[in-house]
Amino acid sequence: MKTTLTKRMTFCAGHRLFNPGFSDEKNREVFGDCANPGGHGHNYVLEVTVSGEIDKDTGMIINLKEMKKIIENEIISKVDHRNLNIDVDFMKGVIPTTENFAQKIWAILDKSFEGKLLNKVVLWESENNRIEFSR
Amino acid sequence: MKTTLTKRMTFCAGHRLFNPGFSDEKNREVFGDCANPGGHGHNYVLEVTVSGEIDKDTGMIINLKEMKKIIENEIISKVDHRNLNIDVDFMKGVIPTTENFAQKIWAILDKSFEGKLLNKVVLWESENNRIEFSR
Amino acid sequence: MKTTLTKRMTFCAGHRLFNPGFSDEKNREVFGDCANPGGHGHNYVLEVTVSGEIDKDTGMIINLKEMKKIIENEIISKVDHRNLNIDVDFMKGVIPTTENFAQKIWAILDKSFEGKLLNKVVLWESENNRIEFSR
Amino acid sequence: MKTTLTKRMTFCAGHRLFNPGFSDEKNREVFGDCANPGGHGHNYVLEVTVSGEIDKDTGMIINLKEMKKIIENEIISKVDHRNLNIDVDFMKGVIPTTENFAQKIWAILDKSFEGKLLNKVVLWESENNRIEFSR
Amino acid sequence: MKTTLTKRMTFCAGHRLFNPGFSDEKNREVFGDCANPGGHGHNYVLEVTVSGEIDKDTGMIINLKEMKKIIENEIISKVDHRNLNIDVDFMKGVIPTTENFAQKIWAILDKSFEGKLLNKVVLWESENNRIEFSR
Amino acid sequence: MKTTLTKRMTFCAGHRLFNPGFSDEKNREVFGDCANPGGHGHNYVLEVTVSGEIDKDTGMIINLKEMKKIIENEIISKVDHRNLNIDVDFMKGVIPTTENFAQKIWAILDKSFEGKLLNKVVLWESENNRIEFSR
């Protein structure tokens, strides 16, 4: 039986999808309006799930305040109200699709929860599409 | 580690739940108001999840435009604003419960995504109940 | 200063939009897929708002249990899991657009709340469109 | 391939988080405002998922009316509008964190569905955090 | 033409509905399970709307950061994770129905926005019922 | 009695809030992270409400297909996946706050509905704040 705790947080960011190795036509064909040079942005929803034993003294897998602080420090503070193509170190040289963005978030958070296991990262770009990384 | 992309789409349809092999009393007992002869309907929500590698050049598992077109062509165009008991070929002879409906959608979509694996189909009949098929 | 209480309830129903005085072509042109002969349906959301004084002894404009019972008896029990074109007395001879449906609901509920004033009726046909009647 | 049916239900309850074996300072440190002596409360959302074969005659894994009745009888009727620290037998002596509460709900429901397998219990304390127990 | 800005915030609180001037039977009859002695609670949603001119230099009716701080200081910090019957000064001697609670919030906020007019306060006790005060 | 029809649509866009007449310090003080030079973005939700008589032959205030086309042509096609500071003619020289953006949308749509009256425009920048223009 698996027990998990999930925290949902939100942020907004700007991005533009294009591959500098592609021609303008190819970028337009692959990325459509997401390749518009001025860029655009989204209200992202991030769900982070950890698994672990329930501590007998606290009744918690992990303290939600601590979990919120980790996600805030490691991710939200670095991407909220930022441009993913320009302002975010861990996205340098990466096409900021939801897939690539979620993969980077997974890689960072996977080292952050001492004694707990990162179980799932879900990143919603809009109410109609999302990426999931999970064990 | 599993990576998936999920697309959410909506449609509306009419249906009536009854088994022609049941008596009226039995249909009423099993299906309740869902067996009312005039039928009724729902705003369905369909979530389709595929898994696969992230393409290095595009940063995508699958292009969302392509994924949307497949779901639109294979499912939505055939059921939206239709009566599931009368108008939909792939539902002929099938009691249109959410279970049976989702199973047919799974069977159709499982052949549709070249090089990707259909991972999950979730079908919501209302905000309070849903069926999931998953690998 | 206006004080109101709003109760949200849900139901599902089937319907078909067509005007028997129109040709098939005209029905198709005006109502599109909503004119499909087999009909379809929706999960409707109904919000009913009443205004009135806050009773000093109960702290209530109206008891929510009473309000729910009125809406249940007058509307929900007559339309839930029904076909609006066939099964609902107060919709006989009426094209069951959201506009006409909400107007009938308003007319019925406007007589139902003794000593309170019906202030607004909102009827959602989907998450993307709704009709409001208000004073 | 796994097939599941999920039912979503809601209830409200009051609780206070504290460990009688902790000092006041320790309770404050661990539980923060959740340890306030007067207690507080939440609108909980409970999602229950069962798996099983689709019955050929009904097209159902389990009849939703039956499933709703089980969850209503076993859980909702015992916790809705109750104080989890005082009024609920199965929570006696348990710190009413979402983790512990969900674990008790799992244990109760795991015995309730004859011939079906309880697959998942999700308990949302707010729109921003939830606990999941799953097979 | 009216221009308004609305800020949505959330908090949780505990309460019990009863009138000390009523008999136990009368309290049970009027308030139902809301009169259970142990109390219960809710995740409240509060929407505050102000109207005013759009400032030419900032493009704002009021700075959202300032608006959030006012609502946080005047309301949220005093009710979040509190018991409305015990812990909240401005609710002393008041039956904590959503009606009475929203009225007190209106009265407090109506003095808080210098140069702007409080236009509406909406308080949701659950996704299914809410109270509105408006000019 | 007022009768209205509301259509909800969504789009995403990028923007940066700053006043070129302000110093960097002043921009930072007024607009906070919204003034970050790289810009960011949002998933906007736009609700457009028109009022009018219900046509006896169609049962409609206005045909939803027609209403959707007007909003699509006049607004969505010009702002979706665009940068409001750079790409949108009607926003030239305007600080793209939600207030100013909604005001421009109102001005454009107010001329678009022949024989119907634009009643309300609501623009959500996130689930937590929105601007309303209404008659």
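Which chain is which? They are A, B, C, D, E and F, in the order written, and residues in each are numbered from 1.
To be clear about the criterion, a contact is a pair of C-beta atoms (placed from the backbone, for glycine too) under 8 Å apart; a residue touches a chain by one contact, two chains touch by 3 or more.
Being a predicted model, the structure only gives us computed values, none of them experimental.
Novice: Mind listing the chains that sit against chain D and also against chain E?
Specialist: Per touch definition, common to chain D and chain E: zero chains.
Novice: Would the interface of chain A with chain D count as same or different, where same needs over half of all numbers used to appear in both copies?
Specialist: Different, since under half the interface numbering is common to both chains.
Novice: Suppose each chain is reduced to the average of its Cα coordinates; what separation in Å results between chain C and chain F?
Specialist: 28
Novice: For chain A and chain E, what's the span in angstrom between their mean Cα positions?
Specialist: Each chain's C-alpha centroid was found; their separation is 34 Å.
Novice: Would you pick out the residues of chain C that each touch at least 2 other chains?
Specialist: Residue numbers touching two or more other chains: 32, 127.
Novice: Would you identify the shape of the chain contact graph, picking one of line, ring, star, complete or other?
Specialist: The chain contacts form none of line, ring, star or complete graph.
Novice: Go through the chains and record each pair that touches.
Specialist: Those chain pairs satisfying the definition are A-B, A-D, A-F, B-C, B-D, C-E, C-F, D-E, E-F.
Novice: In their complex, what parts of chain C are in touch with chain E?
Specialist: 1-9, 49, 54, 57-61, 63-65
Novice: Enumerate the contact residues on chain C facing chain F in the complex.
Specialist: Counting only chain C, the residues touching chain F are 17, 19, 21-22, 30-32, 94-100, 103, 106, 127-135.
Novice: Which chain F residues qualify as touching chain A in the complex?
Specialist: 10, 12-15, 32-34, 36, 38-43, 80-83, 85-87, 126-127
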